[in-house]
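First, the structure itself, so that you have it in front of you.
Chains here go by letter, A, B, C, D and E, matching the order in which they are written, and residues are numbered from 1 within each.
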Amino acid sequence: MSARQEILQVHNLTVSFSNRDEEVIAVNGVSFTICEGEKLAMVGESGSGKSVTALSLARLLPTPPALYRSGQILWLGEDVLQMDSSRLRRVRGKGIAYIFQEPSTSLNPVLTIGFQIEEALALHRPDVSDRREEVIRLLREVGIPSPELRYRAYPHELSGGMQQRVMIAMALACRPKLLVADEPTTALDTTVQAQIMELLRKITAKEAMAVLFITHNFGLVKDFADRTMVMFRGKIVEQGPTRDILHNPSHPYTQALLSCVPRLGEHKKRLATIDYDQLELAMSQP
Amino acid sequence: MSSSQVPILEVQNLKVYFPIRSGLFRRTSGWIRAVDDVSFRLRKGTTTGLVGESGSGKTTIGRAILRLIPITSGKIFYEGKEIVSLSSKEFRPYRKKIQMVFQDPYNSLNPRLTIEQTIGEALEIHFPQLNRRQRRDRIAELLNKVGLKAEHMDRYPHEFSGGQRQRIGIARALAVEPDLLVCDEPVSALDVSVQAQIVNLLMDLQAELGLTYLFISHDLALVEHISDMVLVLQSGKLVEAAPAEEIYRNPRHPYTQKLLEAVPKL
Amino acid sequence: MRDRLLVRFFLRPRALTAASLLFFLYFLALFAPFLAPYEPSSQALGETFHPPNRIFWANGGFRVQLYRNVDPTAAEYRPIPGKSVPLKWLVHGFRYRFLGILPCDLHLFGVDPPVRIYLLGSDSTGRDVFSRLLYGARVSLSIGLVGVTLTTGLGLLVGGLAGYFGGIWDSLAMRTSELLMAIPGLYLLLALRAAFASHFSSDQMYFLILIILSLIGWSSPARIFRGLVLSLREMPFIQAARVLGLSPWRILWRHLLPNLLSYLFVSSTLSIPGYILGEAALSFLGIGIQEPSASWGLMLAQAQDIKVFALNFWWLLTPGVAIALTVICFNVLGDALRDAVDPRMELQTR
Amino acid sequence: MMTFILRRILALIPLLLGVTALAFLLMSLAPGDFLTPIKAQRDVDPQYIARLEQDFGLKRPWYIQYFYWLRNVLGGDFGYSWTYKVPVLELLWQRAPATVLLNLCSLLFAWSLAIPLGVLSAMYKDSWLDRFTSFVAYLSLSIPEFFLGLLAVFLAARTGWFPIGGLTSLEHELFPPVLRILDVLWHLVLPTLALGVGGIAGILRIMRATVLDVIRAEYVMTARAKGLPERVIFFRHILRNAISPVLSSIGYVFSGLLSGSLLVENVFNYPGLGQLIYSAFLRKDQFLVLGSIVISCLLLVLGNLLSDLLLAWNDPRIRYER
Amino acid sequence: SPGIRPERKACPLPAEPEVWSGRQGKPGGVFVDTVPGEPNTFNWLVSEDATSASFLGLLFDGLTSWDPVREKVIPALARSWEVGPDNQTFTFHLRKGLRWSDGIPLTADDVLFTFQCLYDPRYPNRYGLEFTVKGKPFLVEKVDQWTVRIRTPGIFAPFLRNVGDLPIMPRHILETAWENGTLQKQWTVSDAQRHPERLVGTGPYRIRSYRPGERIVLEPNPCYWKVDLHGVRLPYIDFLITRFVKDQNASLIAFASGQTDAESIAPDQVGWVQRLAPIHHFRIYDRGPSTSSTFLWFNQNPGRNKDGKPFVDPVKLRWFTDRRFRQAISYAIDREGMVRGVLFGRGAPLWGPESPANTKWYNPNVKKYPYNPSQALALLAEAGFVRGDDGVLRDSRGNVVQFTLLTNQENPLRTAMATVIKENLKAIGIEMELQFLDFGALVNKIADSYDYEACLLGLTGGGDPADGMSVFLSKGRLHQWYPNQPHPATPWEARIDELMEKQLSTLDEAVRKKCYDEVQEIMSEELPFIYLVTPNAYAGLKERWYNIDVPKIGSIVWNLDRLWTP
């Protein structure tokens, strides 16, 4: 693992939001790295700062209200937070591509999916001569049946699972080095979720893409990620190989969180819950 | 749970169709068969899980039982009494017995009413004999029961987190002392940790009050945790109904198998 | 929630300014008889189109410059050098009822008759524009409030019931509103007024106009409220109320209405200017409030005479300033309210 | 789509019946009729008046008059204007182009100013530009349009920079074609301004609000994440989504065509429908009034249809079935 | 001015042209003026409004014409005429060689045709009163190609003047339409727009083009029957452009900014327009008092409506029918103040039906009621009214004196006067309500339902006493205070009836004048109409025009056929 090249290094990133009078720190001194082709998962409860961290990587948060308080985000050695807009645009899409949680709102409703993919293609791979052909190829690759017809379809004409496939195709169109998937399956059915995860696994393997996979579903983490980070209240409380985190969680929060996940095969059993007072107590005395 | 008990609710050949209108005169040109010939029984004091993928008709069944939508055909018996044919006035007493917990904790409480008003309203209707003091006491008791504090009574919904709101929703349903609770994906919008709290709460309440649940969810692992019986729904049709242990150990219908396979395992 | 809303709202300096200005204007209207030196209909045929008197400070008191009419055929006035009278406070003048109850003849300021003081000049029959402006404020400022109350009330009733109960009532209400919207509003107004005006005296005309405006106006709020109710009706908390067995009326009253209130409030504020401008437009066409009553619209309509511009009787345009000011204030207020309540709230066009 | 349009047109029939019946009723309620002014002239033979009353059918109850009118309309005959003794349709047809021209111009003017300004003030929310435009919007909302018109007329009269009314110069017929067009445009400037200014504020506000909304949308984030330049994001992704509410306002514009520009046409002595219909109303020239009401209903429905079609064209999610 | 000139096609001059002997001018020039509203038709049979009439005057001529400056009947299509000894037979001699504007000769047949149309029962028209005596039509016969004889069934004073009002119509154009019953649908505005050449007339101008809603352009009639001393055919003006404007205000703006050539100016506007005269080179003529009158009357109709309810509250009717009450009101009204305030000092109080402008018929000896509130109160006291300590006037039975005054809302001067009257009456303790209605509703009340108390209205006067028949006769339609009386209600009304009938049936001007003088005196004594003020009339005209001859009454540019500009 260490032999691989590190494409992204995040040092001590702190992001806050200012709302008129008060300032909320959403991400507090986060540091991590991602290597080429690595599949990294980020878990944590709702509001723990996962999305904010992810969006910060390509400086996608609108800057008021967000504020990058401190830290560095080194993309191939260059600080994203200091880039001018043209350099930044080259990082976005071509360097880091995104898939969001809600596919129905992430696609522009008034443009055909073909056009939206082609747009990315035209921007980042101008050398492709027959773009339409390439888009259809991509659509086929993500498993959309009869892509020639779907090329002209509008997002609302597709089901949620299809829409998410289109999002993946769009990300693929740029051939990014890093794919950030922010809860890509939360809005979907379990059966569809399984299909999408399968697709992601297949494609990242083929293209040798690094993936930052955000979720709160440990089941998916287990099957997908090489490495896992656990976020809690804006901080990364634990990170390491997925296997270790799942089977040997060292941090009390990770332990607590894992315990309240319902598992198959446990019939009529009370679920464990997190007692935050105890958790804080445990965290204050390492 | 012994199977000899009388079913508290029996649904026979329930059909709920929604018309598809089209053409010049908006004629009904077809039907969405949201629920198509579904029959099942709920036994008193047990939890029945209702699973199926999105759009399979789970919510529709729940709403049909509560008469929130008109049904196309079929019969529903509550403790042996047919309730579909009742007028809305005759149905009133059953409103006290069947209650519902909604999926979306953010929209299921009226933002303009305090918690006291929200829950008090239910009491006013079904326990008109209570005076204001008694009502407040009862509300405090209910809040305690769902793990909230009495002083939360005078607050407005937006002052609570999602999990807390879901508890209020449960308290409101419990206020009328129902026998049957239809829970339409009560925890889908919540975080795993909060989800665990709510599920535990529901199980505790069942133990304490002997409630019957129809628990709608698409999380099979969760359903396994809480249910005695599981009903599997596919595009409006009931494809499998069996005791929970049975279904998870030995799914018979291919659709059930597919659903189970898709659950990511830890 | 409500108090936070108010705080959020009053934190905006613009909104605060607008609110206090409006408060001030309504105050003026309420105390018009006390503040006005003359009755709004009191004429001075020898002093038509008198310019505003200059007021200056001398020997420890305000003094009012006097003018002479040098050319009656063009209403040209020149100050008479060295001639002035003292401005007096709390003088006795025409009789009126203070706040509509107490008989009284005290006025904030004035000069000794036969000299008259024109703070904002005089009009074509020598009436004091300032006094008329104050009295006119009563019409113009109240027509908005009352009109909006009537229209929104009617719209809420029709739209709310149509939306909640649906079915035949819904179709009936919506067809009626379409009918009203299909006839060009101005013409409907003309026709209604022509049909009923001859039974009313000019004082009653105010109410007639109000009733006509709201008869025409209810349809668009009704449609909006219907839409809102339709979407609210499907909200889980309304469903929950139904599951609890609440009666439809109670649901309407306790659950739907309060949730419409903020919209109601904002949209009312934003549509008040429409009434003020509507009255002005009606008066412009000669079918609004009538002489000798005063309203800003009527005064402005009378100032449309080209000689007002040509002879620089600028003071006759002050009602225009008053209208603009009020309308701006209401708009600022409405926008601020909307931002405070829900910035995404659907906007209405004029 | 055809069924959609057809349905709209079918829905028009009861509407037209209702509206025209209401119009007849109201006109009969109002005291006086077309002949009233003639009655006030001093050298008119009373027998003559009686004869005219007979001829015009004014002595019949309104519903009978309405019935006859309806029967004629079904035969394609909208009746004669009593004032002008000319078929109503001919009269309306003659005046319509000028009104449509004026309204189109003011729409164009209002849109071409309000849309960019609304967008800019949303993009640079709370900047001085935003403050300034909102101030201008408030101002334009608060000046009655007839008053604006009067100011404009006075300005024109004072300076001579613009003609003070009408649609063409006296020498219009003698001009070469290019000059003729310029002449008409020249005459349109002030009425367009007076009519358009009021519309700016409304559209500007809508535009600003929707752009603020759209800017926050996730697909804009997606577009940005693709690395698209801001300009492209703006024109391709924001504008088209934000324009929908403005398109839906077209419906109102059309329905307001007849009465909306009345005040302005009045002030500028503009040879459009507004003046014609207004005076027909005052004179109780029944058939002209009814004809114009029918036209205005048609315009309303047409406008709504147009805006629905435009909306559907702009936004594929909106289907015709509704 | 455009390079285009109208084609003054060489149509041969009539053998007997009217030779105009004034200052000779030179052809050319464009004359621009305005009219409020738009013509409704160019067919005199159906024409009702003033705007249409003003165009008909330019496009058509009658047998005679009226010179408003010299106030006499002058020859027109008829070069001369004779009156028979019975004072009922008139023989008109048409000018030889007259031609219609399309070049076709005009003969006695056209005159006969015109009368034929006039009396045709298929074509009801408003000329009934002007061309009948006691309901009987005139007898019209053709003597020869150039001579027409007309007999009136009785002596008819205004005959010669009325004949001038009747435009002679071209038989060759309209006969077919007359035959097939479509005469009323001829010569509509749309004919004028599409086929101006079909509107064939004898007047000084013909239609060149017509843009609806904007303007009408007239050009000289190439066959006109007037020439100047040098044999140049009139009119001189190349193009006569009339712009349609919404109202007086718009018209005035156009004139004051130098865009039109002529304008009549209201007294309150003179002040500022005068200032622009040097810039735009126009002159404002003071024509003295105008003929338009404003008056107020009380409803004295004792009748009852269909439900048996009296039109006027009997208590009030008692006041209104009391002459002293009416005189008191007249004394209480400050006419001087109205003139000073409302009319900018440019007007005069009016005491009787005719204003001084009508020099021929005006009677200066009518009774006058200068502003005098105490005189008013004295008269009221005499009539039993009492003014209490609270300042309120009550009648002898203790009824508070109050009533509602109607007027039409379209006229700002009138509404201003109404407010003045309200203030004036307040000063003597009478509370008067005002109600402003649109003209239609107002006329409905005063002419149909009689459901009103008092009304303020005006009439443009200035004509012949014959024009006032419907007003003064007790059975008249416009005898507003109590119209259509079966029998005269009062002795003085009976006397007026008698005088009016008498003046109508004599051709002796002196007798007529005497009768009418007495009518005026009775009116001012009895005050059924309380006359208020008459504004002065002003006319603005561009200085570049010559041969201007401004009359006291009527259109300022009545002689458009000889205006010219260097």
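Points worth noting:
Definition applied: a residue touches a chain if its C-beta (ideal position, glycine included) is under 8 Å from a C-beta of that chain, and two chains touch if they have at least 3 such contacts.
Just so we're on the same page, UniProt names per chain: A = Peptide import ATP-binding protein BOV_A0348; B = Oligopeptide transport ATP-binding protein AppF; D = Oligopeptide transport system permease protein AppB.
No experiment lies behind these values; they were computed from the predicted model shown.
Once subunit B is excluded from the assembly, the chains that remain, linked only through touching, form one piece. Distance from each chain's C-alpha mean to the overall C-alpha mean is smallest for D.
Averaged C-alpha coordinates put the centre of subunit C at 26 Å from the centre of subunit D.
In terms of their C-alpha centroids, the spacing between subunit A and subunit D amounts to 52 Å. One finds 89 Å separating the Cα centroids of subunit A and subunit E. Contacts with at least two other chains are made by residues 194, 198, 304, 306 of subunit C. Multi-chain contact residues of subunit E (touching two or more other chains): 253, 256, 438, 440-441, 444-445.
Those residues of subunit D lying in contact with subunit A across their complex are 217-219, 221-230, 232, 236-237, 240-241, 314-317. Subunit A meets subunit B in the complex at residues 45-46, 160, 189-194, 197, 216-220, 222-223, 246, 256-258, 260-274. Those residues of subunit C that touch subunit D in the shared complex are 175, 178-179, 181-188, 190-192, 194-196, 198, 273, 277, 280-281, 284-285, 297, 300, 304, 306, 309, 320, 323-328, 331-332, 335, 343-344, 347, 349-350. Residues 2-4, 30, 32, 37, 40-41, 43, 46, 48, 124-130, 184-185, 188-190, 193, 209, 211-215, 241, 243-246, 250, 253-254, 256-257, 259, 438-441, 443-445, 447-449, 459, 467-468, 470-471, 477-478 of subunit E are the ones that touch subunit D when the two sit in their complex.
Across the interface of their complex, subunit D is touched by residues 55, 58, 60, 85, 89-94, 96-98, 100, 102, 105-111, 119-120, 123-124, 154, 156-157, 167, 170, 174 of subunit A.
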